[in-house]
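In what follows, a single structure is set out as structure tokens and then discussed.
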Amino acid sequence: MDFGLSDDQKMMQESVGRTLERAVPLDAVRKGASAFEALKELGVPGILIPEADGGLGLTLLDAAVVAEQLGRHVAPMPFTASAVMAPLALKGTPWLKKLAAGEIRCGVAVSEHASGAREDAGIVSRNRKLSGRAMFALDADGADIFVVADKFGDLHLVQAKDVEITLLPTIDTTRAVAKLELHDADAEPLKDASILRIIDAGRVVLAADTLGAGTRMLEKAVAYAKERKQFGRVIGSFQAVKHMCAEMAAELEPARALVWYAAYGFDACPAESRRLAAHAKAHTSEIGPFVARTATEVHGGMGFTDLLGLHYWFKRIGFNRQLLGSPERVREDAARAQGWIGN
Amino acid sequence: MDLSYPPEYETFRAEVRAFCHTHADRAPASYFSAEARAWQLLLIEHGYAARTIPKDYGGYGAQPDILKSRIIAEEFIAAGLPMGMANQGISMLVPTLLELGTEEQKQRWIAPTLRGEVIWCQGYSEPGAGSDLAALTTRATEDGDDFVINGQKIWTSTAAQADMIFCLVRTEADKPKHEGISYLIFPMRTPGIEVRPLVTMTGRAEFNEVFFTDVRVPKKDIVGQRGQGWLVANATLKHERGMLGDPNQAGTRLRALVEMMQTETLDGRRLMDHPVWRDRLLKLQARVMAMEYHGLRLLTCAQKGEDPGLARLIVKLQGCELNHQLAGFANDVLGELGILYGASAHLRAHGEWQSRFMFDLGLIIGGGTAQIQKNIISERGLGMPREPKAAS
Amino acid sequence: MDFGLSDDQKMMQESVGRTLERAVPLDAVRKGASAFEALKELGVPGILIPEADGGLGLTLLDAAVVAEQLGRHVAPMPFTASAVMAPLALKGTPWLKKLAAGEIRCGVAVSEHASGAREDAGIVSRNRKLSGRAMFALDADGADIFVVADKFGDLHLVQAKDVEITLLPTIDTTRAVAKLELHDADAEPLKDASILRIIDAGRVVLAADTLGAGTRMLEKAVAYAKERKQFGRVIGSFQAVKHMCAEMAAELEPARALVWYAAYGFDACPAESRRLAAHAKAHTSEIGPFVARTATEVHGGMGFTDLLGLHYWFKRIGFNRQLLGSPERVREDAARAQGWIGN
Amino acid sequence: MDLSYPPEYETFRAEVRAFCHTHADRAPASYFSAEARAWQLLLIEHGYAARTIPKDYGGYGAQPDILKSRIIAEEFIAAGLPMGMANQGISMLVPTLLELGTEEQKQRWIAPTLRGEVIWCQGYSEPGAGSDLAALTTRATEDGDDFVINGQKIWTSTAAQADMIFCLVRTEADKPKHEGISYLIFPMRTPGIEVRPLVTMTGRAEFNEVFFTDVRVPKKDIVGQRGQGWLVANATLKHERGMLGDPNQAGTRLRALVEMMQTETLDGRRLMDHPVWRDRLLKLQARVMAMEYHGLRLLTCAQKGEDPGLARLIVKLQGCELNHQLAGFANDVLGELGILYGASAHLRAHGEWQSRFMFDLGLIIGGGTAQIQKNIISERGLGMPREPKAAS
């Protein structure tokens, strides 16, 4: 009985954190740097890929540990799709080796199933050809291949060269989403993959990202409040400011346990993982924006400027909230997973 | 309770409406333009701008009449026409000069400001003086007939376009902080002024930083007495706080939101048909209505010359928060579409929901943070004691 | 253009307030005193009844002014049903004179239409006879007659003597609700009455009651905070306590405008009144409990005791929230009233 | 992360389960009864109560093992059996005596307290000393070998049943407030003590006021040093704060709520099928899960002897709030049924949801208000500065 991170996980946490601090400090993030090469050296692209295929063969909890660090450092990096969802979808295919080696990157387009369909999106599969439009494909920029869901939720692999990719600019400049248009694109069916499992994994990882980003925002708020003076006192000595920070902490600490447990449960109790992942995603999506806003307010006007760059965290959290399902949508998945709704 | 307008006001409304109809084609497309100034002149001439400013100073010279002001606003909004200019010169400097300026200052500045020929910016906040504005340190030292100014201001909107600045500076370094401040007005082209755009989380530079290095300003360009700048500024700040948290804006946002939820779909179902979202919309609608009727209550007070007290003090806090919530909710129901930002065929409402959601957070912080507002409400509105001074 | 109370309404507000202060101070409320006789002298039972029938012939806004005072003083008094809903239902009947004179009191049972049906409640009408069970009849204690809705929403008048009345004890000891059981009870159809209108009126009046109770709780909290010392300071000088009070005030002030407008609109723009009444009721039901809780917290442990009796206000607000429809239910009525839901 | 129990613990679990199975019929129905004391003796004998208290003082004498304690709790709860007594004597006084009592005090009081033969109540709070407990004014003046106590305590639960009280009194009126306090223990039947029931908003007297008039207590019945009572009490308060905000309770409430929403109907539809309520239920479920797993995290820390710091400090605030919200939500979905209170055929869950909703508010206030909790979290958990001392 040991609830928490193992020593290995703590080491991973530290080395990923240190690497990101060095490779993508905020100034580099502003300039569009990527953490990919730096984290490739730590094996991060292959974190979930079996050792036999050249990966680290680790669990989703390890991936969540990495995601927390990515959120902490608002690190630009294809991860949720390319290092977490895709490897699960591509299990047993030769693509894993290349992904593990960091030779290729993979986007994932399952938005219509995770979030619901907008803009008449939907992919039709016929004779190993895909046609139609998929919205909000993750990790789309620089992807060599894509995992794409058709209308029935079956997964397929397509080559980026066969897809018309339009990047969709979002508030979060650190990660890319895109619209994919396919016209009889050659597709390889991924028969063994479960779309629900890969959505669950993606949700947990986005939850961990928000947790990391939120935790960092609280730390920044506390540090700023201890330094900034108004009315002859550091503002951190005002009860209003102290209570804002206390409320952020009170929300973040239990959320951490929920995210860790959901990540752990993904591998340890798969029957529970849909409900766990949904709750982790929805709950962090509720408290994350609360923390983002409150931390910004503690920073006063400076929090609102680009000078401090606090908004990179704010937007990262905003992005995580909406991708792979809004909180209301995701909670309905949790309800369905425990039989609370008739179909 | 009688929400009808007396007949003479309905006549007035008809006049305004006729004006809007007749002159719609002269409405300017952009703010800093010759057309905008011509439009402003036309409005002043008809009494739809600078309405209560004396004729001597270039205004229309009408008696204050809140109802007529409201009717003008209602009709211009309904017609989709830009109202009279409401920049910081007109909204803040002009009332200040009228109250505390010398005759010479009034003669010189009010008319061209009203006509949009002179654009002003405000030099109040500093990096070290935000909520604690009186802690400002920009120094003005005497040198012959001039003050020589050194220091920095922040949150100065339109600083790049402005001809003039009204500015708080510390003229007496040895006095208690509220007593050593003076209110100066001077041209932005004075040597030694540098303006740097201040980009915010929206990605745009809605504000600027302004740096002063040995900027010389004649001593006569002070408004009010030397050392009385804090009082002069407070007269002005009152006007600013009134401007924020406008319930009309919340109503406009709500209508746009309702329309969007009736047209946008998710999985082929209108957003309005998702019960959880509909319920959130309804909660917001009640708040918008409450603020709107609250505005009518304040309007009545203003009209009767009564001080609404507490009722007025809560407007900035609640109004800004409500606007922020409306924008946030719009982004929420849009799902991934709600985080799009930047040119895209799929962007909704030109990205305005996102941009407002973020800018509103600035408004919640600016012009007295939510925390300062709560201090004000509790102290001035509820008569609760100020925090005791720290012993250290 | 004049948004606010007229001089007459302000006078009414004052005289009702003064009367209640004298007739039902908290000690009397504890002992189960009633404000009925005292307010009868002011004509309150006939406030909405035409002057021709011996009433005051006033509007719902006037009734809301009274309700605000009743809430302020947690006054035990049949009002919502007997003085507001029933007179609207009984328009044109000879009962009005007796109601106006305070000779009789009338309960109202429309819960199944205002709140939804629970406990298999529902009244069937056949040949001027009613049978079935109605839950949560308002102002039931001491009622001589009842206005009862059948399953179709048609209204009927029955004599109390023909009804089996079981009082239902609630958290709020100042007002009575009851279960009615009818077995072929003689009923007089009220053909001209609209159940929707009387529910709207009842909702506005409950909203005003909550507003009055909440306002009083805020006042009590502020007064207590200015007096109570801890850590060598009055607690009202702590920013946390000040902000709690500021937040209550910030919620109550706009709600006042909404309630007044809804009451005014009931008579002035009937086409809007359903939506207005629903929003007034739902909104006060949301902010009322926030105020009730926050004011209790400002009072610390004393707020939780029976000694101060603050809980009478807390419970009054809790009662108002649930009667004539929970907030969610009532909001759905508002949605329907503006065509936001297909049937 | 490994949530399984090692094999030796599974063996232990089997033993506990077997015990529960075998002795279920001996479980007492009420708390203050001979059966309850017999049950407590049985539990101590098997190591399921007073587990880590040394044998010399009447305990079982086992090494502390958080996992085993948890297993005991899990199995007793699962079997629906009452656990070992957890009154204030056992939870607060016994640890205090073990840490700071004299050998004589330990010998005399611990064993009978553990056996439930001596019931204790706590005399800490006073009408004028709530959040600011150290401001207490109940005075103990010296008279020969005795202290003579005058003053009043409040929030004293079980005062009417208690044999003994552990009580904070001011023995040095001239010392700074934290330094003049002493911790005394004395019988409740001492002349001069009056107990008055304190009725709360629930309508029940869960607490009492206790009045002292010239109550004589021998000087030797002090725990710790004279004037050190504040430190003695703080050692004890730590134990109390741990007791509040129990995540097991939230889980139990959630399960009851889910069941209720699947069985109760409104307009013939299950409450669960009302999407807005279902969504609120799901939000609460996430919070309950988060607190439950948070509890596992704290358990692991305790087991490893690590200080969880911040993570521990938030438990009272979040736990009490969550319980309150669960009860409030239950009342909400019950509609009018949710405000029933008192004997009625239609009352749900014996009125427990309402009664908890109100009592929880007392818990949010008691044992350190939510505001005090936030001070603690920010100061001790986040290292933010204390408020400066007032100058006046």
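Note that the chains take the letters A, B, C and D in the order they are written out, and that residue 1 is the start of every chain.
To be clear about the criterion, contacts are C-beta pairs under 8 Å (C-beta built on N, C-alpha and C of every residue); 3 or more make two chains touch, one makes a residue touch a chain.
The model shown is predicted, which means the values in this text are computed figures rather than measured ones.
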| item | value |
| --- | --- |
| For chain A and chain D, chains touching each | B, C |
| Of C-D and B-C, pair with higher C-beta contact tally | B-C |
| Taking each chain's C-alpha mean as its centre, the one farthest from chain A | C |
| Approximate Å spacing (C-alpha centroids) for the pair chain A, chain C | 50 |
| Between chain D and chain C, distance of the C-alpha-averaged centres to the nearest whole Å | 39 |
| Chain B-chain D separation of Cα centroids, rounded to whole Å | 53 |
| Of all residues in chain D, the ones touching two or more other chains | 276, 279, 371, 374, 388, 390 |
| Residue list for chain A, restricted to those that touch at least two other chains | 233, 238-241, 243, 328 |
| In the complex, chain B residues that touch chain D | 275-276, 279, 388-392 |
| Complex contact set, residues of chain B against chain A | 125, 127-132, 135, 154-155, 198-201, 203, 264-268, 274, 276-277, 328, 331-333, 335-344, 346, 354, 358, 361-362, 364-366, 369-371, 374, 390 |
| Interface residues, chain A side, partner chain C - complex | 238-240, 243 |
| Complex contact set, residues of chain C against chain B | 1-6, 61, 222, 225-226, 233-234, 236-239, 241-243, 245-247, 249-250, 253-258, 260-261, 264, 268, 276, 279-280, 282-283, 286, 328, 331-332, 334-335, 340-342 |
| Chain D-touching residues of chain C, taken from the complex the two chains share | 111, 115-119, 135-136, 168-172, 177, 179, 229-233, 235, 238, 240-241, 289, 293, 296-297, 300-307, 310-311, 314-315, 318-319, 322-323, 326, 328-329 |
